[in-house]
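Here come two complexes built around subunit A, the first alongside subunit B, the second alongside subunit C.
Take a look at the complex of A and B:
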């Protein structure tokens, strides 16, 4: 191969959605970009697979929540085949007594809520408005690269600005915010509402996908953070053809912009010369060169495995080595020979996002089991039946159901080998309390435990977010102060995955912001 | 079967013999004593050390200076709780104690160390004109070994370690991520994959933290390795006379294995005196014997035993800052402004920014472009008598602090290692120290000029001579 064929303007390692977005933005600027993906398919944890022939479903992640409209437009994703089966999905908290609760401030939903608890209906409106206002403070920070690196004392100026903006909410709100931020979402929900189901559903939104409990301090911040992430988007959306369809559109957009995409091309290491990342060596032994290398791989994995501790300062390396990833989510995909009956749910509501979290106490009990590496008795769940709105996923009259199970330990006491079936039985038992005929409807199914997710998608610890979305890993502290702003100590190496600001959830923002930073630095050099 | 037969008579012996002995010596109530604990008594009838007060050993000659301290006093007891012992002693404690004419002791790294053994003037004269022997076992020593030892150390320290060959030593400084010095020391390469690091302060946590991702083993040799220092113009002669053959051929910073009467000695031509000198790295069990032999063979050359005070004075003369006293390690300094970069410590010569990555390199590259915030310098205060001073003034304002001071009898000048704010050094401004001098019952305030030394106050040319000068005594 000629040397010219091996040198590029940029190399993107990992073809997850952030990698694809980063590569596309680079190519859009007229640069020669190659994207290397280790597995056979692009998309990472965004994939559509077949449970059994003709029954297709999003294998891992199942909803797009945080992708800003701007990226869709910039990359002309609609032109490349992105269709949404549903946008602005409603969320319904399922109740054991069949009085399900629609989580929205729409007039008719509030009327229903008021009949149930007038106090909560009023509190819900006030609470949502308050959280929106707080989220509004974070929003400017989420749309841009963190203003300074966490290493410098200028981080203080960022907080000063946040505080300044917060004061404009008024003295009472400001004081309330200072109290709310370090509070747990459980306590916050408890003091605002009286309905157990409403409290639990709100708490679940804050802790979903994390290894934290509803009463873990600081989880209120998670709630506000996620609220802010959603703000730029058109709500929760369900792409046509599952998330695989979403990735296909993204890949087509990238390729049409000129990105060279190579799958089954695992990277062995990033080559470093005198503190500068010069290129990558693939497992096949090929050397590729580029002045900019963007890694969509987990930050710790990138720095410790691909770069190696010898090229890093000792404290950074040992710190990265110590921060273990703790995935807490498992996925169950079911093929059904008909729509399961959920008593109390209107026919039009089967396409909604359904939560099975009866109360704060039960959510906390599940977390306590998780903490002790035990199986939760009634695991909290988030479910969708995407085939209700997307007919391409299952044969006519049949359905697929996608279930995220929260608080599943990655190393369960006694090992997973003997307990997989027991756990599946518990999940189905819990499901049966809401949909009594679910067991009779199942034709086929697959369950991915955190360890399966780690192995299948290269996500260390099975953590979907490449690190918790917490206040101590926010903005200039994400993923570590020395690695904030997408930069690494190695010149030419950038982190463009969910481990960087603004973080996980399918946003594409780390990819876009990392690419923009790398482009601007390339121009200056 | 035969085993059972053997066992029985032995048990009977154990029960009977001590019983008989106690009956003969003790009061009638002692009848029950053997019943409580028969097996612990020694079968041969010898008395165990626990039974007698430590000084009652009839073999001890109370007039013999060396023998009068019972080693049992310093033996560790098995049931000692962790960290229960507040005061540690080195393997040479008894040997040094026997030489002490002053009973002046101090603490060095938690070890009881003689401060002055005979007389500071005598010790100083020996150091500068003959040879001085001292116990430097309280130094912190680490053994670093394993497949990645060389790359690990190259990432740890600021200099190029890969250039160090076997049986050589180099001074090293190591920084944390922000380029602030954690500590400094002397690094020896003992073998292809085996190194030894001798430092002033303990750094085990940092060494292990840095080991993340490397195939390397870090061991603390605190109590398993003893060290002696022989410094002075006649040090080579003393060692040669003691049986270290061809010691004079050793180059500065080189090291080699020798043996003294069958005891292995790893000797290096290193030291803190600014003069010819050697350090011997030895087994703690051999240490007292080697100490005695050196004193024996060194006596004709005027070898003197010396303490920590002399080491400090020699160090000030040679202009070597000590961690924990003249500068704070990055992890000891609460305020990062108190910690220093190697450039501020005057260690720029052992920083190699071009030879591969090390911890703090990026930060040091940036730091090199910035003016240093402060300097650690050698300072001379010209006054013919020892002075006591701390604050260093520049144009009337306190701009620095003398952290180690001493009066050089050789040069007739007061010396200090001082930490000065950058402007006080850069401008070449006039520096002074305020001194309160007591004369009888009157007090005089003096303002004495001070000057920054650009090179160590005292360096002996023989320091670099190879082969080292030998004096033969017929």
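Take a look at the complex of A and C:
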């Protein structure tokens, strides 16, 4: 190979969605970009797999919630085959007594809610409006690189803007906001609502995928954050062909823009000369060079494994080693020989996002078990039956069901060996309380525990977000103060994964913002 | 008709402090206390003839040195003892102690981990830095951020630019201290589980959080509030008043009397008199009316507004907001009179740290489990026990050779999910606690000559704290600083003109007993035109 073939304008390590987005934006600017993915397929935790022949399902992540319209348009994803089986999905909280609750402010849903609790129906409208307003304040912060204190005057200007906008909400709302931000979602729900199911469903939205409980302080902020991330999107969506379909469109878009995509090309290390990242060495021994290297790999893994502690100051290395990333989510994928019967659910509602979280107390009890590294007795769950709206996933009349299980410890007391089957049984038992015939419908299935997710997708700790979203790992502290703004202490090396601002969820934002920053620095240099 | 410049309702530490500051400023002050003795939760009592104990005191409330010196309490008989921080008894036998002396303390930590002994200096430095950042916020009422006048806004922006200027790392450390859990925060310094658990148990006494709950790390600052930089670099001292916590109340009372303030005990206030939307006086249980230009309430927020006012006299929506203020009891007290000193075979007889108390069930798992039980409203199965034996340091509290033991039991709910606290259930709790103590101190059972168990409802009915909450309101961040007791009511003012709150229901809450009283007094003195 000629030297010229081995040098690029940019190398992207890791072909998760953020890596693909970053590479695509780079190529769109007319640069020569190569993307190296360690495994055989692109997409990382966004994948469609076969449970058994002809039954296809999103292996890990199963919904797209936070991808801004802008990225879809910039990269012309629709032209490259992105189709949504459903957008603006409704969420339904399943009730044990079959009086399921649709979480929406549409008139007909509110009428139903009013029959159970007029108080809650009124409160729900007010609550949703309030949270939307607060999310609106946060939004400008999530759509841009985080302000970095000490470096520019923009930290002060962001703060100033925040205060002014907050003030524009009016005195009462501003007071309320200051109180709500540090509050727990459980306390907040208790203050506003009386129906256990409604409270639990709202709390679940805030704690899903985190290692916090409904009464952990600060979880109200999570709720507002998710609301803000969702705002730029068309609600929760289900891509055609599962999340693998979504990644295919993204990959096609990137390749059509000129990105050279290589799979099964694990990177061994990032080469460093005089504090400058110059290129990468692949496991195959190949050396590639580029002035800009963007890593979609988990930040600690990038810095400690690919760069090596020798190039970092001890403080940063030890901080990275202690990044908070506790995975709490397992995944169950089922192939079914027919639609399970969920009594009380209208036929048109089987395509919705279904929550199985009966009350705050039970949610908290599951969290308490998780906290002690024990298995929750009735695990909280988020379910979809994507084959209801996407006929390509299963043979006619058959279905696939995708279940996210919350509060599953990665290292369970006593070890997983003896408990895996027992836990699966618990999950199915819980599921049976809502869908009594579920066990009879199952043809095949797979359960991914946090440790499986860690191994399969390279997510340390089984944390889907490359680092928990908490105040000390947010915005200018994400993933660590010295690594905020996608930069690293090594010139030319950038972080473009969910470990960077604005964080996890399938948004593509860290990828876009990192690429834009690297491009602008490239121009300046 | 009786007239005063200021009437203080309630003779707890904050009420007494407020009255003392006002009296010193030359105001005519009247303090009214419902019970026969002063001190509120710190009042002393004889649980058996000759055995003195502060029945409700958790052993945590010491007046800040600044208030002690400003009020010259030393002149009025207050003597304080600074003792070592106490010992935790470990599950498998053995103990870990906190010593004031830096060398001794580091040697103690080195028994568990050499690395942790080295980390102590860094930890202490960071704690003192955190206290320094916090201290300026304690000594004055906070501005209301929603009222953002032009001046406040400018001040905020200045703060913002300062943040913009300070090093990102420093801001990060600050964020970690105020938002992380004890467990995550301590992981940054220490590796030994015993050391981490000991420190977390220091921090979380009387708090409704377990060590793994986010935002619990900030309570670590509590023990360091009165520590000074440069002093021997050991563990923070525990401060005891000679004569027990009641001695602090008595010294304050003497200070009030010396400045011609009046104190009336057994004078229960039942109503606040209103005229034209302003508080003008109080009505006592016997129907007597007393008038004052300013009224200060040392009662908690709920008791002040829900009990002393006709609700329709209050602004619209206010009563609902008061109702939403979360108050939950977390602690019970078990008071023991012993006919001999309890022995702890695991701890060497000469260990001076035992003066600072004995702590049990301090592992993270046990504390978390107890906190979960508290939230589930069942009696804690692994309560956090903090037993102080004040007679070891202060012989005046019991007959010669005999002792009292003041046992604070934490994570005790104010009501049980399946009914009230009955006498049997209180006995079960006491049995559990004594059993646990006996595990580490064989023979303690036979030395008990008197025992009383006080659960949160007892504290509510006897001291008057809603839900038996000794912090007078949960100290979650949404009820702290400018949110305490609620937005727009931060500071000591209330929607009722000339009525001020001086209890721990307002900023700075239980951080530094007495600050709320001192801050209220400064406001009232200014409005009365008296010099502080």
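Keep this in mind: the second predicted complex is superposed on the first by the 511 of 525 C-alpha atoms of A that agree within 3 Å, B and C clash if a C-alpha of one lies under 4 Å from a C-alpha of the other, contacts with A are read in each partner's own complex, and residues count from 1 in each chain.
We take it that a contact is a pair of C-beta atoms (placed from the backbone, for glycine too) under 8 Å apart; a residue touches a chain by one contact, two chains touch by 3 or more.
Just so it is clear, the structure is predicted and the values come from calculations on it, not from any experiment.
**Student:** With the two structures laid over each other on chain A, which partner does A:321 touch: subunit B (first), subunit C (second), both, or neither?
**Tutor:** So A:321 only meets subunit B here.
**Student:** Output check: A:477 vs subunit B and subunit C. Expected answer is one of first, second, both, neither. What do you get?
**Tutor:** A:477 contacts subunit C only, not subunit B.
**Student:** Classify the contacts of A:212 with the two partner chains as first (subunit B alone), second (subunit C alone), both, or neither.
**Tutor:** Second partner only.
**Student:** What is the contact status of A:129 with respect to subunit B (first) and subunit C (second): first, second, both, or neither?
**Tutor:** neither
**Student:** Check the residue A:308 against both partner chains and state whether it touches subunit B (first), subunit C (second), both, or neither.
**Tutor:** Touch status of A:308: first partner only.
**Student:** Of subunit B and subunit C, which one touches more residues of subunit A?
**Tutor:** Counted on subunit A, the partner with more touching residues turns out to be C.
**Student:** Who does A:275 touch here: subunit B (first), subunit C (second), both, or neither?
**Tutor:** First partner only, subunit B.
**Student:** With both complexes overlaid on chain A, does A:489 touch subunit B (first), subunit C (second), both or neither?
**Tutor:** The answer is first: A:489 touches subunit B but not subunit C.
**Student:** Which positions of subunit A sit in both the subunit B and the subunit C interface?
**Tutor:** On subunit A, the overlap between the subunit B and subunit C contacts is residues 482.
**Student:** Of all residues in subunit B, which touch subunit A in the complex?
**Tutor:** 151, 155-156, 176-177, 206, 209-210, 212-214, 354, 357, 359-363
**Student:** Along subunit A, where are the residues that touch subunit C in the complex?
**Tutor:** 147-151, 153, 155-156, 159-160, 163, 167, 171, 174-176, 178-184, 187, 191, 212, 215-218, 322, 324, 361, 364-365, 368, 371-372, 470-472, 476-477, 480-482, 484
**Student:** So in the complex, the part of subunit A that touches subunit B is made up of which residues?
**Tutor:** 272, 274-275, 304, 308-318, 321, 482, 489
**Student:** Could you pull out which subunit C residues touch subunit A in their complex?
**Tutor:** Touch residues, subunit C against subunit A: 145-148, 153, 156-157, 160-161, 163-169, 171-172, 175-176, 178-180, 184, 187-188, 212-215, 324, 326, 365, 368-369, 372, 375-376, 476-478, 482-483, 486-488.
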